[in-house]
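Two complexes come next, and they have one chain in common, chain A, joined by chain B in the first and chain C in the second.
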Partner chain A sequence: MLGRKSRIDKTLVAFISPALVFYLLFIIVPTVGSLYYSFTSWDGINPNVNFIGLANYKEIVTSARFGNALKNTVVLTVFISLFENAIALALAILVDRVFKLKNLFRSLFYIPVLISGIVSGFIWKVMYNYSFGVINAMLKSAGLEALMQDWLGNTHLTLIMIGIVLVWKGAGYYMIIYLASLQSISSDILEAAEIDGASAWHKFTKITLPLISGAFTINFTLSLINGLKVFDQINVMTDGGPGFTSETLVYLLYKVGFNEGRQGFGTAVGVVLLVIILVLNTLQQKFLRKREVQV
Partner chain B sequence: MSVGRKARTIDWILVIVAAVLAFIFIYPVLFALMSAFKSNGDILRAPAAPPTSFYTQNFVDLFQMSDFGTAIVNTIFLTVVSECLIICIVPMAAYAIERRRSRFTGFLYTFFIAGMMVPFHLYMFPLFREMKVFGIFGTMAGPIVSYIAGSISFGTLLYCSFLKGIPLEIEEASVIDGCTPFQTFWKITFRLLGPCNASMVILNGLGIWNDYLMPYLVLPSGRAKTITVEIAGFVGQFTARWDIVFAGTIISIVPALAIFCAFQKYFVKGITAGAAKG
Partner chain C sequence: MKKAIALLLMASIVLMSSFAGGSQEDVVAADSSATTVTFVFADGDAGAKESINEIVNRFNSSHEGMRVEIQPGNGGNYTEFVRTKDSVGEFPDVVEMRGEAAMYIRAGKLAPLPAELTDLFLSPMVIDGNVYTVALAGENTNGIIYNKAYFDEHGLTEPQSYDEFIELCQTIEDLGDMDPLVVGGGDLWHLGFLFNKCWDDQVISLDPDFIAHCYSGEKDFSDPSVKAAIEELVQIMAYAQTGWASTPDAQITTFLVNDMAAMMYSGTHMFTQILSADPDFELGWFAIPSPDGKVRLVGGSGISGLAVSTECQSDPAKWEVAIEFLKFFYAPENYGIYCDTLSAIPATKDAPVSNGLPVLQEVITATGEADSLSPMWNSKSGINELPPDFRNFTYKTAVEVLLGQRTIDSACEELNKTWAVAASSFNPVTGQGIN
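Up next is the complex of A and B:
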């Protein structure tokens, strides 16, 4: 209870203002600032910022490097979202059904989530290594020398190999959400279906899946947004290479901003990223949420 | 689980499948752990083999060849100070939003939550410029203020959903007893928010502990920054000394793992509450 009517405003202001000040100063002001800088040729050092209109956005539309980064981002994000959700859901169903050691399995699948992006990238980079990596060593001892390769150096595979690290690191998080959703399904419904003669497959597709569609919406949205923001693993594993094969929008933004002194163009790329996130979020609200079923 | 022979076999098969998958999932972590206790030669020669002895030279080298101690102190400082301030600021705002429903607080709720969609990479350049204006670029205060601001979106979601479950009667009683709103919040409600605070500190703290880009770009160069930043630096710098980097990764992973083992249920609560629809 926040006091009587006469004091309401003062109290409300006192409770909210610290958070509001931090939020405005260090999120909203720089976000609005980036909209402004995206119309400038700011280099990050020079205090004088030149307004250049839509030039950055024109460059975005025409530049092959941006097109390549956009393509890479789409490939990586779609790969991550699909596999993260498929694996997370499978793990959640498995943990839900296992009759022993439920909590232990749940914890073990969650452990990769605890590891930082940089550390996970480094561990996998070593495992992927051509000469000294554990994956090639295992293939060799299994007599599958033909499959051995430079996992991160093969330009057809680089993005997928980075995607695997992110799926491994992220699946446990989404599993927790699916698991909570599965456990909230009342067993009465499933028993009733069983009495009515529903097969296991029918119970799963007609009852379980519709009832966890809320978790599905949340997880799909979260994994898409997180996929768009991947940075640390790319930084430590490939630095956007070989060539530009693993340069995503976020990585392009970082590179032009810090290595090439073009922070104006970098923020314009960031604005495009924000627009993509907003569009995805709206689509999610429109399409996925409609299909959700409530009990 | 239904009883009967067939069901039992299936149950055991599922446990075995889960065990195999769990092993695959934690293998990279085990691999890092094993490698941290192997000499560089052993890591290169037999990457899959377990360490032959309890070899700790990597850790000695790590602290001798780099200023890793400073990095550890910095990481702990950033995480602890940010979380202490977050716990003072965020629950209070969420409390006002949740308990004092109006169009204004409704707007604030949406306004705060919307921040989750804004990627850090979008606003980092202007943010750094702003930090320079305030004179906090290159100091610990830079990342800390940004972590506080960045915690508000998820925090509002988490605390508001948790506050819905705390009965109003207790607070009403304390108001009747003459408590000011501040006293009511800090002495009554805040204590009832314990599990929620734990979830917030743990999930948010893990993000700060593991953060890379912000400390890398904001903290002054020429000195050790944070654990994650040092490790990223080693990958380029000690390309031939993986043993040292692995020793560093273990120092990064073990505290997170220990906190997870001790406070597991708060991880689960925080994630599921954060995923609840706002």
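Up next is the complex of A and C:
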């Protein structure tokens, strides 16, 4: 018995080891290395690395800049999670109910997903431009000059404008997941409910929504993680500005670590971000898993 | 049939491989006869790319046994590009350094340059008794570049004092044809031009070693002179176009040549860009006098410029090529290409004869007559060198004030807090983080 178990273990190890080596080498070792650098004042260039204990973490706790980046990250993540999923679900229901040209609509809504984050950022940056952008041009030609805005320069609007781009780009992806889930609901259940006199609203809230709760869990988890690590669009559209208005945790990490010569502090921000993602994801999983229904 | 196709494919592959091998050998043969040094520069500006490529081509064709190989940066974030090169062990032999030069010098990456080269320059930046970088040009002198035709049409004249400048802005605003000033505040470094002017006017005019005194704890950013600098910035920025906070530097030329703004505050590199966009544009230039009546301009040599790596220095053959190349680059007949293309002010003693614009001559004259000429506040070295992350933080905090997100007092408090953290790990006065 023991011999058999030992043979199975060796086989398992043989299969797992190639992936494990890569995982250890490219994920675990750098992560542990990052942990070390987060206790230093390394500038990213100088081979001499000074150990400064918890100074970086102390700065994180007291720094208004970190607090601002955390607030921006939360606002953007909540905005994306809610609107991306709401729009994706609406699109999925629409596409599910369309009988003709279903594939065409599915492809049309999915196209923004295929555009890279950088490119989508550039496209919308041009559209948002105060003096030359299409949005203000349309408002002007419609006689609504009072509504013209510096969309990316107005500190009250910047984060929302970035959020809109992210929702536009991401909703199609989540739509596909919702659509697959919707199409897996047996028509028998819906027909039975209809015979029992259930209204369309009741069928949606009491049958459809509970049965696609698995897709909710996946989509909310993905949009949460994506929201927490938004980078491309901020980099292209605002560079974290104006001022610190659109600086998120990931962007702060990048700016201080790679642009401002504070790799040690940037790494400490990265470690804190990792902890935040782990905690939020665990909480979210626990909450959403409870609501899932199996048929 | 299948066999025939397979044979044909195999034959093609064998044939192509042999050609490929042959050509590779040729290249290797050509390269192996020459000592090659790698060269990296900020190629985001088309003029810089074109002119430096031309000088490198001239060098390669005139120096047998020596070769300079440009490694293109493709116009991205140059600081990151150099840093990436360094981190993957490909730090170039000859490299253009920006404000972060001091950091690379402290890391032991840059070699002290020999006197045969540094003696060619008017005022090379000396650090600890050595010169590590030779300026590509004199510091980019900023001033107001304006639409001369519009000024003439409305009888507007160049201001002789700071108050007259503010009056001029107000007059243009009242005329209502266009914005008085276009500012590319979407790029922080562009906003830095105006910030530096206000900083020089209010802070450096009173204490040239203000930053050193902050390091030593004698002064801080709640100093009235710092508040006055931000107030001056707020006063000038009141005349910037709507949308300045999201306008990139690359777009400001469009405002000027399309009669959307009458003036911009920028460096001489803009002359060529403006005339490329509109060859008939009538350029005017003047310096904005300081509120105390003096004229303070950005000029002289800063820490930015071309440098040679210590790794290159350790190989005598490569070192010889690198130094020979730099001497060739700054020879008047070659250096003139760069200066003319970028409307740059020469940094060498034996300056090239300029075929440049008359307006550039005005700038050169103004720098000669200015009451003070100094590098940008973030291009200084020694006891006045800024902590690595402080420049951008200051600009961003200034933007917050300009957009009404915080008061000047709270901005000064934030600057003090960030300074305290920054100076605890980097302080050239006490030596902390330097050695």
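Throughout what follows, the second predicted complex is superposed on the first by the 277 of 295 C-alpha atoms of A that agree within 3 Å, B and C clash if a C-alpha of one lies under 4 Å from a C-alpha of the other, contacts with A are read in each partner's own complex, and residues count from 1 in each chain.
We take it that a residue touches a chain if its C-beta (ideal position, glycine included) is under 8 Å from a C-beta of that chain, and two chains touch if they have at least 3 such contacts.
Just so it is clear, the structure is predicted and the values come from calculations on it, not from any experiment.
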item	value
Which of chain B and chain C A:155 touches, first, second, both or neither	second
Which of chain B and chain C A:44 touches, first, second, both or neither	both
Which superposed partner A:29 touches (first chain B, second chain C, both, neither)	first
Partner chain in contact with A:210 - chain B first, chain C second, else both or neither	neither
First, second, both or neither for A:257, with chain B first and chain C second	first
Partner chain(s) touched by A:112 [first = chain B, second = chain C, both, neither]	first
Residue contacts on chain A - larger count, chain B or chain C	B
First, second, both or neither for A:52, with chain B first and chain C second	second
Contacts of A:130 with chain B and chain C, given as first, second, both or neither	second
On chain A, positions contacted by chain B and by chain C	44, 131-132, 258
Sites on chain B touched by chain A in the complex	1, 11, 14-15, 17-19, 21-22, 25-26, 28-29, 31-32, 35, 43-44, 46-48, 88-90, 92-93, 95-97, 99-100, 104-105, 108, 112, 115-127, 129-130, 145-146, 148-150, 152, 156, 168, 171-172, 174-175, 180-182, 184-185, 206, 209-213, 217, 228, 231-232, 235, 242, 245, 249, 252-253, 256-257, 260-261, 264, 267-268, 271-272, 275, 277
Residue ranges of chain C touching chain A (in the complex, touch as defined)	77, 79-80, 83, 86-87, 100, 103-104, 106-109, 185-188, 241-247, 251, 254-255, 260, 388-389, 392-393, 396-397, 399-400, 403, 405, 414, 417-418, 421, 424-425, 433
For the chain A and chain C complex, residues of the former touching the latter	41, 43-47, 50, 52, 55, 59, 63-65, 128-132, 150-155, 238-245, 255-256, 258-262
Residue numbers on chain A that touch chain B, as the complex places them	1-3, 7-8, 11-12, 14-16, 18-20, 22-23, 25-27, 29-31, 33-34, 36-37, 42, 44, 91, 94-95, 97-101, 103-105, 107-112, 114-120, 122-127, 131-134, 137-138, 168, 172-173, 176-177, 180, 214-215, 218-219, 222, 225, 228-229, 231-232, 235-236, 250, 253-254, 257-258, 263, 266-267, 270-271, 273-274, 277-278, 281
